[in-house]
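Listed next: structures, encoded as structure tokens.
The following pair of complexes shares a single chain, chain A, combined with chain B in the former and chain C in the latter.
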Partner chain A sequence: MRQLLPYFGVATLLLAVLALWARQIFLTHKTRIEIQLPRKREAAAVSTASHDDLGERIFGLEDWDFVSRNTPFEIQKLFLHERAALAISWLRRTRTRISLVMRTHLVAARQTEDLQPANELKLALSYFVFLILCDLLIGCIWLRGPIRTRKTIGQTLRAVAWLRRAIELLMARVDPANCKTLRTSFNHRTVRS
Partner chain B sequence: MFTQILWWLGIALEILILVRSVKGNWCQKYPAFYLYLGTLLLIELLRFSVYAFKPRAYAPFYWYTEFLATIVAYAVILEVYKHALITSPGLTRIARTFLWGVLGAVILKATLNAVTKLVWSPAITHAELERDLYAVQAILLAGIIALLFYYVVATGRNLKGIIFGYSTYVYASVISLAFGSLPGYGPRPGWRLVQPIAYLAALLIWSCTLWSYSPNPAAETESKIDRDYKLISQQTRRALSKARSFLKMGGEL
Partner chain C sequence: MSPEAKNIEIEPAVRDLRNRTLKKLPGDFSRLVYLASSRDYNTGQYYHDGLAFLFSQNVVSQAMALCHREIFDRLVYASLEELIEELRNYISSTNERPEEFLKSWKHLGSYRVTIPSECDELGAEVFLSNVKMALAILETRQKPASQDEQSA
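For the complex of A and B:
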């Protein structure tokens, strides 16, 4: 029976890929809407300038220190509940934006002649790791709250840091004009790990 | 009796699909696929003749024709590969390398196995080779479908039907031949029916999806992509800004 395992593995792989593809076909119209999303939100581009600091604020201790010192237990509980919801929403939003970058890359890759399989594989792996880590963080926050899981979140986020290189590669292909700007921007604000 | 019904139904559906494609003149659009279907129809008619007039010769004839059918089945993979990835030169190159690499590796393995085995039985070797060839087809199909899925390549109804129908058949073949190669399972009649039933299911899928010609949607033109790039670049920069903020947070926590 053991000798059959590779065949079952291959058959299961085919079935899994087929099921994923079938699901994608049924959801095609949804994907199209998501790709056209920037066109709809173009006007709101300027209003979100301070969004960079939002993550720091959400996971920071300042608010919690204030709330834990000056408010009763019920308010602290409410604060933790709302902060968890906010953190999850922020992570989901970050994941959506990275997915959008990835989708743009895939559209470009379909037309590219000198596609490099090794780079593509690395990028795909980085992306899937990123998605898994995001889900992991969301799970952690949902289970234990953003304050109690700060250390775990910190460690997980550091593991995400290696995605930076992959994202730079991606930008070089997707949007070469902006790549240089972004790389400089990355270097100026280096990851403090 | 049930086997006979499956046999005749299969032949009838094959004729229907072939006649329909010739009548509609889209058999030229998918020549390799229709060649495969035509070959199978011919093989089945020949098998039926041998079964009716020379029953003793049926077993060896079955294995030789089965091997031929499995080899010709690669035409379906080539058809899928040709139509699905034709608009993506980079993906075509990746798929081509993958396809020939896997095929070469398996033929080499099968040849080595046949040479090194002390007792050489045609039936066992054919069954094992058929199982291995279907397993390779499953890998190739999974690879191509993974590319279509990952790069969100647009496909028409005909191609979707060819892929879904053939994948169903390959999946069932790999499972049934794997079980059939076990000493206790081979003679059981149940496993022998899995392949014909799956093939009938594939024919039904093909009958529905290949009823009329439905080509792949036209690929997005470069100008549209450029336009999308311009629109998306601001969003992308902001998305990467978020990622930067995300990584920066990792350092601080």
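For the complex of A and C:
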């Protein structure tokens, strides 16, 4: 029975990748109205709070240092519960946002003649890794809490920044108009989540 | 109208509001509550009689909305320790008994109405969670003090 365990592991992993792939294919077949969401949201511009900065705020250790030093156990428990909820909310929003960007990119990529398969493949792979990472992190936070998962979250924040830059570079080549929209929505800190 | 042009138009009203009204209030939490209470909940418009003498109602409302968002963002990014201090300053400025204030805010969730109408949803979540924590911490600090008063 033990000999079969590695095969089960590989099969589970393959199933997970296939499920994500299927989900991705399904998402790319959504209507154009949904794909154009970023432009619409841009008009609702308002807060100066940036999504990434809020991530740093949520996972920052400053508050936990204060709470663990100065408050009783029940308050510490409440704090960890509250931060776990915020962390999961942040991750879900980040995932939704990146998915939206990828959908926009896919539409743009279909219309371009100067497609670079190597870049597209790199982007697709990093996107899949990102999706798996997000789901794993949500599970980790749920099980272990946001403070213990903090190091991994730091890596995710860096991965998000890298993915964003990669998408921007690709978009600049294939669809300058969409690229401008993306820059606005990410950098000008104006999009409502 | 572009956002830049809009900002130039409301800038004098913002400056006036900051220097004559908001500066006199003790801390950002007091300012946040003041601005939220100047808002008509049915229309989302802000009103300020003094500013209305100098500027149009539209400019007044936009200037107040801008200041409201600025202060809200500062509080979202403030550490929990700073937020507790802000909240304590605000409580002492109201002349209410702290334990009653905390009880009321905790049960009624009065702080929910202080959120600007146009803000990042996650920012609002962070703010609500932090105020909830700050109230819980202040309440635990308040308990020994009120027990001391009773025993004395």
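Just so we're on the same page, the second predicted complex is superposed on the first by the 110 of 193 C-alpha atoms of A that agree within 3 Å, B and C clash if a C-alpha of one lies under 4 Å from a C-alpha of the other, contacts with A are read in each partner's own complex, and residues count from 1 in each chain.
In this text, a residue touches a chain if its C-beta (ideal position, glycine included) is under 8 Å from a C-beta of that chain, and two chains touch if they have at least 3 such contacts.
Since this is a predicted model, take the numbers as computed values, not measurements.
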Message = Quick check for you: in the superposed arrangement, does A:82 touch first (chain B), second (chain C), both or neither?
response = second
Request  = Figure out whether A:98 sits in contact with chain B (first) or chain C (second), or with both, or with neither.
outcome  = first
Ask   = chain B or chain C: which reaches more residues on chain A?
value = B
Task = May I ask you to decide whether A:124 touches chain B, chain C, both, or neither, giving the answer as first, second, both or neither?
result = first
Inquiry  = Let me test your reading of the model: by the given contact rule, A:109 touches which partner, first (chain B), second (chain C), both or neither?
reply    = first
Ask   = Does chain B (first) or chain C (second) touch A:143, or do both, or does neither?
value = neither
Message = Contact-wise, after the overlay, does A:132 reach chain B, chain C, both or neither (first, second, both, neither)?
response = neither
Key: chain A residues contacted in one complex by chain B, in the other by chain C   = 45, 48, 51, 53-54, 93, 192-193
Remark   = Given the complex, residues on chain A that touch chain B span 1, 4, 6-8, 10-11, 13-15, 17-18, 20-22, 24-25, 31, 35, 37-39, 41-42, 45, 48, 51-56, 59, 93-94, 97-98, 100-101, 103-104, 106-115, 117, 120, 124, 150-151, 153-154, 156-158, 160-161, 163-164, 167, 171, 174-175, 177-178, 181-182, 185-186, 189, 191-193
Query = Can you name the residues of chain B that touch chain A in the complex?
reply = 87-91, 93-94, 97, 131, 135, 138-139, 141-142, 145-146, 148-153, 160, 163-164, 167, 170-171, 174-175, 177-179, 181-182, 219-220, 222, 225, 228-229, 231-253
Ask   = Any idea which chain A residues touch chain C in the complex?
value = 44-49, 51, 53-54, 57-58, 62-63, 66-67, 70-72, 75, 78-79, 82-83, 85-86, 89-90, 93, 192-193
Inquiry  = Taking the touch rule as given, give the residues of chain C at its contact with chain A in the complex, in rising order.
reply    = 3, 69-70, 72-73, 76-77, 79-81, 116, 118-123, 125-126, 129-130, 132-133, 136-137, 140
